[in-house]
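All chains are identified by letter, namely A, B and C, in their written order; residue positions are counted from 1 within each chain.
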Amino acid sequence: MNGPPLLEARDLCVRHVRRAGWLSRPATTEVLRGVNLQLAAGEKLAVVGESGSGKSTLVRALLRLIRPHAGQALIAGADLAILTPAELRVQRRRVQLVFQDPVASLNPAMTVGQIVAEPLRAEGGHSVEARRQQVLTQLAAVGIGADFLARRPQQLSGGQAQRVALARALIARPEALICDEPVSALDMSLRAQVLQLLADQCRTRKLAMLFVTHDLAAARLLCDRVLVLCRGEVVEVATTTELFARPRHAYTRALLDSMLSVDGPARAISSSS
Amino acid sequence: MKVLPRISVVLLTFLVLAAIVVPWLSPHDYFTPDWNALDLPPTFSRGHLLGTDYLGRDLLVRLAWGCRISLLVAVAASLISLTIGVTWGAVAGYLGGRVDAVMMRTVDVLYSVPFTPLVVVLTVLFGRDLILLFIAIGAVSWLDIARVVRAQTQSLAQREFVIAAEVSGLHPMAILWRHIAPNLVGVVIVWLTLTIPTVILTEAFLSYLGLGAQSPLTSLGVMLADGAAQMRSRPLLLVCPAVVLIMLVYCCNRIGDALRVRHAN
Amino acid sequence: MQTETPLLQLQGYSLLRAGAAPVLQDLSFHVGRGEILGVVGESGSGKSQLLLSLLGIAMRDARATGSCLFDGVQLVGAAELVYGSLRGRRIAMLFQDPLLSWNPYLTIGRQLAEVLQVHRGLSRRAAEAIAAEALTSVGLADTRRLLHQYPHELSGGMRQRAMLAMAVLAEPDLLLADEPTTALDATTQIAILDLLARLRRERGMSVLLVTHDLGVVARVADRVVVMRNGRIVEQGATAGLLRHPASDYARELLAAARQIEHTERGT
């Protein structure tokens, strides 16, 4: 593919500085240590890691929601660090976020209609009626009916809230979606549905996706390539089939071995006398 | 809601209405001395339901006026501090970094200014004036709400819906106004109902020291001071404003407490 | 083992609330001695309420009916005194979030020792020695140091291990585990589940394991109870139920899980 990748991290480093007491020396933790990542247009890349691996920090650093200590974050070749605040806002809009906790990601003081219309408001230049039409279209695309417009986030189930959050992301007409553990707060029976919805929307709209997860199974379901993150470092990048067939890094193998399956060997039964 | 807060709401409404209506209905006013009716005990015959003070002014009407002034000072001063405090705290909390540091250190410095001597100095410089009282109390009590709002804003700014708004390209001031401010309403209302009684007490305290409302205008604090002077001969002059003050403060606190509990859930 | 009466036997057990839908309705199942029973359900199925009501700490306005026999003792309508003698001694509980279940202001050692001091009347010193042993038995190393650490200084997996050590200190007959691995990483989850299975094997302890994850059940449970809206939809031996579910709901859950697993792991 020609041209710069849609989303890119070059040697991205993020440190957290924590002061334990006012006399002690501040302690720095390296959350990201020189992460390199490229997401091409239309590509689906999974970032897999466990808690503390720095995956949520990576998402925020990619959009410059936090300032990296070193390295660059680029959207379509533009280094976010040298943009003016107004330019940064325009660039960010090309990439939209879907979060883990669907209820926390919706403003409790707004209605569903207002929440989904918000990116259009930010864009400006849409009439009230045009906004309403677009909101209805996007909500319909994620399977939410017009009767939900006046509801508030507290009145939605987890699955419905996540659909609304997805509609809000899609209405901004992004080129890429970053999904940060989008289904791990949902009930099992809903997870497959929401993942399917994500996959469908990405396909029909030709969106790139950065899928952040701790769940290798979900990564396999959705993504072309997998990047394994361990303690702030990329330990392995491979295509999905390659990674599952021939994991190179010991940590990847440990992750694969700890995947639970409903069809897995029920060890306990065989061992009980 | 439980029973006590409900009673408090009813009682507070009654007090406020009475403070507004009584001076209209009564044939007497609060400032004209009546030399034929000095120090009267409660009597129906001339309409002095609670009697008169040493200048023959009707106690009930003065009580209503005292209530009006105390409430006016409390509400006005609270609104002043609300405006300053919420803006200050929200901006500091949302922008963070150096702006936050400068703004909050300012608050810390102001906290350490001794309040009562400051008011004394102000009254000496500018004379006794009700407006001065608003400003003095308002200027000090916004510090608390600024801190509370800043903390709340900081935690809201971390919430995902705010991040989503940032990513959708909304201007920071628009985020502050549309996404953060509406979620501050709860804390602010709770703070307001708990601050009004504090301000009522502060006003009473300053007026008792003679730094508040100036005669013939009165407030609950002024009436307490006058009443205390004649405590032995005319206990009613002390008891009446004291009871009203206690009821006002108690009701506001009860309501504020109930709101706080409800907000916490 | 199988011929004895089960350790816990519920018959027509319901948890009712005045003026609301029943939280639990007509549950009948048992937990055998040394058995791991998985209770599977989604949010709102009442699975967590089940555990709390077994400990006698269900919602205040709720009332249990039916029969619930723990080692022959009827718990429905039992006095607080009866529950008090069981809680922590014969029935222990393991919660989802290992951080929330620790008191942040006390060291791990203090909290472990307290259990022994209360339940067995041991001295502080003797209690700490046993506590150190217990920590070793759940696979934690460097227990001397661990005893003097505070909960936040431990990783999530270590906290849950230590919690498990605390739960089994009093050598309970029954362990109630509420989503014990949901808050943990995948690699840690496996370790904790295997630890549970080992403790059961070594001590003959029964476990009632509540989870939303059929994969967890497949890994450790002997039998499964599937719950939905406070009722039991289906129950049976794990392998059989997972292979040939009888109810539509269980089939749905399995289908959803398999859809994510996508392809069978090639082993």
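Before moving on, here are some points about what is shown:
Quick note on the criterion: contacts are C-beta pairs under 8 Å (C-beta built on N, C-alpha and C of every residue); 3 or more make two chains touch, one makes a residue touch a chain.
Predicted model only: the values in this text are computed from it and were never measured.
Chain centroids computed from C-alpha atoms place A closest to the centre of all protein C-alpha atoms shown. Most remote from subunit A, judged by the distance between CA-atom centroids, is B. Averaged C-alpha coordinates give centres for subunit A and subunit C that are 33 Å from one another. Once the centre of each chain is set as its mean CA position, subunit B and subunit C turn out to be 53 Å apart. Centre-to-centre separation between subunit A and subunit B, using Cα means, comes to 48 Å.
Not a single residue position of subunit B touches two or more of the other chains. Taken in their complex, subunit A has these residues touching subunit C: 50-51, 158, 187-193, 195-196, 214-218, 220-221, 254-255, 257-264, 266-269, 271-273.
Residues 1, 34-36, 42-43, 156, 185-190, 194, 197, 200-201, 212-222, 237-239, 242, 252-265 of subunit C are the ones touching subunit A in the complex.
Interface of subunit A with subunit B (complex): residues 60, 63, 65, 85, 89-90, 92-93, 95-97, 99, 101, 104-110, 115, 118-119, 121-123, 165, 168-169, 172.
Against subunit A, the residues of subunit B that register as touching in their complex are 159-161, 163-172, 174, 178-179, 182-183, 185.
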